[in-house]
Each structure stands twice: as structure tokens, then as C-alpha cells.
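Read from first to last, the chains carry the letters A, B and C; within each, the first residue is number 1.
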Amino acid sequence: MFFPCETIILRTAAPIEIIDVTETVRTAVQNSGIVQGQVTLFSPHTTAFVCLNEKEQMLQRDMLDFLHRLVPADTDFRHNRNPIDGRLNAHSHLLGLLMTASQTIPVADGRLLLGGWQSIFFIELDGPRDERQLLMQISGEQ
Amino acid sequence: MFFPCETIILRTAAPIEIIDVTETVRTAVQNSGIVQGQVTLFSPHTTAFVCLNEKEQMLQRDMLDFLHRLVPADTDFRHNRNPIDGRLNAHSHLLGLLMTASQTIPVADGRLLLGGWQSIFFIELDGPRDERQLLMQISGEQ
Amino acid sequence: MFFPCETIILRTAAPIEIIDVTETVRTAVQNSGIVQGQVTLFSPHTTAFVCLNEKEQMLQRDMLDFLHRLVPADTDFRHNRNPIDGRLNAHSHLLGLLMTASQTIPVADGRLLLGGWQSIFFIELDGPRDERQLLMQISGEQ
């Protein structure tokens, strides 16, 4: 069965930011009562995506540097000449070509099967934003 | 329940091309009658992938430039020395390491839960091609 | 229905390595008896991911070169200054930001719908490792 899709509301504070949502997802899975199934995380944005990676403070800073340098924001992109939404965010969209909006994680015996080092990250690429959403859809058998 | 997998047939016209399939997917979801569930898009190719991003004409050109420059086609790759399928497409496969063949999008109340700026793109990395396929699998409850 | 999640155990032998698991997945799908459904592959690691691409010997070497060069291991990353797990693997985590931990492949008429050139790869980015896992979850209708 498919549970109703839930929305995690997030506020972001920096141009590029990595937000850990692991505990929110883990709690939702436990509350759902599903024994066997999966969770799909889905970002409904075009400049924010979903990654699974390690949460470590120094690594977080390496990640921010890496993403800032991979596609520098101050490049002369066509999308930024007449921004329809007032944001100079071509670099955010281009980074997004190399990321994914959806991740699916298995659930067994009522437990999210994340590895020991894995955290679920919402990756903001065009912040800050007052409100971002991350959709979470649980499916499986109770 | 799982609906039979549908195949979207596409023709591509350029070496790298971004094709919007959003309306095809949206219509299929509506016709399926599912209320709650999800759609999985799957590219059965090794040089074409699936992305979700914004459709804007200037941004499309930035995306093409970005992908062409990220892995230049004219690099001396081993795969291109004796091409088994007659195509010099190592760069397409390498770009593909940074993309994904599958994306899963939630459906609620019979509606595809895409964000307002999101389009579903089939990304051709080794065109032109007379026939490409994109598989679409709807699952959920009617 | 969701089948119990299966674990594929892998040993890796090089810092970056591409391991083909296609036949293992294909066999599991056939043995499951599902007619219509899908398979989700999930890497529970933060320095190993899942890709679909072509298996060709020269291309494999291009891929290894490409990944080694895209994020050089010998860069001065913060994560490597006091490695909590004794591994200098910041570059592996950063490459992982551009990859995905999960891929979902449709199944129809009991057959995995991979394209003719597609193989399922487990991508080791921080080997060698005595034991890596790849989770495989089959869902669908028998």
C-alpha cells in the first residue's frame, strides 16, 4: 500500500547548504508501521536535490567548497541575463543536472536500511529560501 | 498495483539534446486512474538519461554548453579507438556516470507531484538517433 | 507485494573499481517469480554508488581515469586532516555527491527491462574493501 505523501518543510540559510533530514525520515517510517517496503524522497525543486552521504563537519565544508567551485556562480550564463524569477541561479540548475531529485531507500523489519555512515541530505543549491519542501512517500506492507 | 510498463518513443536531432516529456507523463498518470502512488521513469540506454530541471530557453542553451564542456567529445579516449558500435561516444558514457537512468515521482490525489518549475527531461548525450525509448511505469492504488 | 530485501556481498580490490552485478540481479528477478514490478538497487555506503552504463573493457579504463581526475585524491581536503575512520577518502565522498545510491529498474513479463547495452554497476570509490554490500529489493505481482 501507498501511504499519503508527506511534506517536510525546510528553511535554508545559505546559497549552498546541506540539510540532514535523516531522523525525520526514520521517525516517519517507524510511525507508519510498515514492516517491509520502501521510502521515496523527492525534491519538487529545480535547484535543490537529494543525496545520501556522510555527515561529518569537515567533510560538509569540503562539500560546499567543491560544489561552489564545480560550477562557479559568477560565470556569464545566458539564463542570468534576464532572470524570470529574479534569481541569478544558472549555476544551481547546472549542478542539478549532475544530481537527482529522487532517492528510494528500502525498509525491512520496520527499519530504514540506511548504512551506518549514511545520512539523507536535502541539498540546497540556490538559497537562502524561506520555504523549501521535501516529499516523502512510504509504501509497503504493515 | 503495477500497471504495464509503457514506452515513450523519441527521435533526437543533435549530439546533446534535452527533450521535455512532462506532458506525456502527466497524461499517462491521469489516464491510469491511480489516486495514490508513483511513476518511475527509466532510460534503457547507456548514453541517454533522465533529469528533472527547469525548462527555460536560455537555460537550455547553458545546459548544452555545460555538458559539452564538462567532458569534451574530442578527448583521446580508449573506447573511441575501435568503436564496437561505430560511434565515438566515450564522452557520452562518462557524462552518464554523473547522471541517473531512473527517477521516481510521487502521485497523490491522481496528480503528479512535480514542483511548479519542474519538467521531466530525457537527456540525449549521443544523438542524433532515429529511435530512443523512455520507459514509464506507474504503480499505486486506483 | 514487497519481497524481503536481499544483500549482495562484494569484495573490492582497487581504489576505484566498477563491478558488474547484472547477472546476479537478473537471476534474482527470475527466481522471484514476479511478472510485473520493479527492482530497486541500493548502496548502503557513502563511498560506493550504483550506476547503469555499458560494459566494455576500454571504456572501463576511461571511466576509472575520468573518476580519478574529476576529483583528485591528493587534494588538501579538510575531511582528510583527522580521518575518523582512518581513510583519506574526501574525494570519494565528493564524487558521491554526483552519483546516486539508488536505481529502480522496471520488470515486465518476468524480465528485467534493461536495455541491450546496459549493465548494472556497483561503483567502488574508496577501495579496496573486504566487504561491501548492495541491497536489492524486488516488488511487484506474481
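Basically, contacts are C-beta pairs under 8 Å (C-beta built on N, C-alpha and C of every residue); 3 or more make two chains touch, one makes a residue touch a chain.
All values derive from a computational prediction rather than experimental measurement.
Q: When subunit B meets its copy subunit C, do both sides use mostly the same residue numbers (more than half shared) or mostly different ones?
A: different
Q: Rotation angle, subunit A onto subunit C: superpose the C-alpha atoms of these two copies and give the value as a multiple of 5 degrees.
A: About 120 degrees, rounded to the nearest 5.
Q: Just curious, how far off is subunit C from subunit B if you go by their C-alpha centres, in Å?
A: For subunit B versus subunit C, the centre distance works out to 20 Å.
Q: Give me the residues of subunit B that touch two or more other chains.
A: 98, 100, 104
Q: Where on subunit C is subunit B touching in the complex?
A: 36-38, 51-54, 56, 58-59, 61-63, 66-67, 98-100, 103-106, 108, 113-115, 117-118, 123, 140-141
Q: Of all residues in subunit B, which touch subunit C in the complex?
A: So the residues of subunit B touching subunit C come out as 1-2, 4-5, 40, 42-46, 71, 77-79, 81-82, 84-85, 90, 93-94, 96-98, 100-102, 104, 133, 135, 137, 139.
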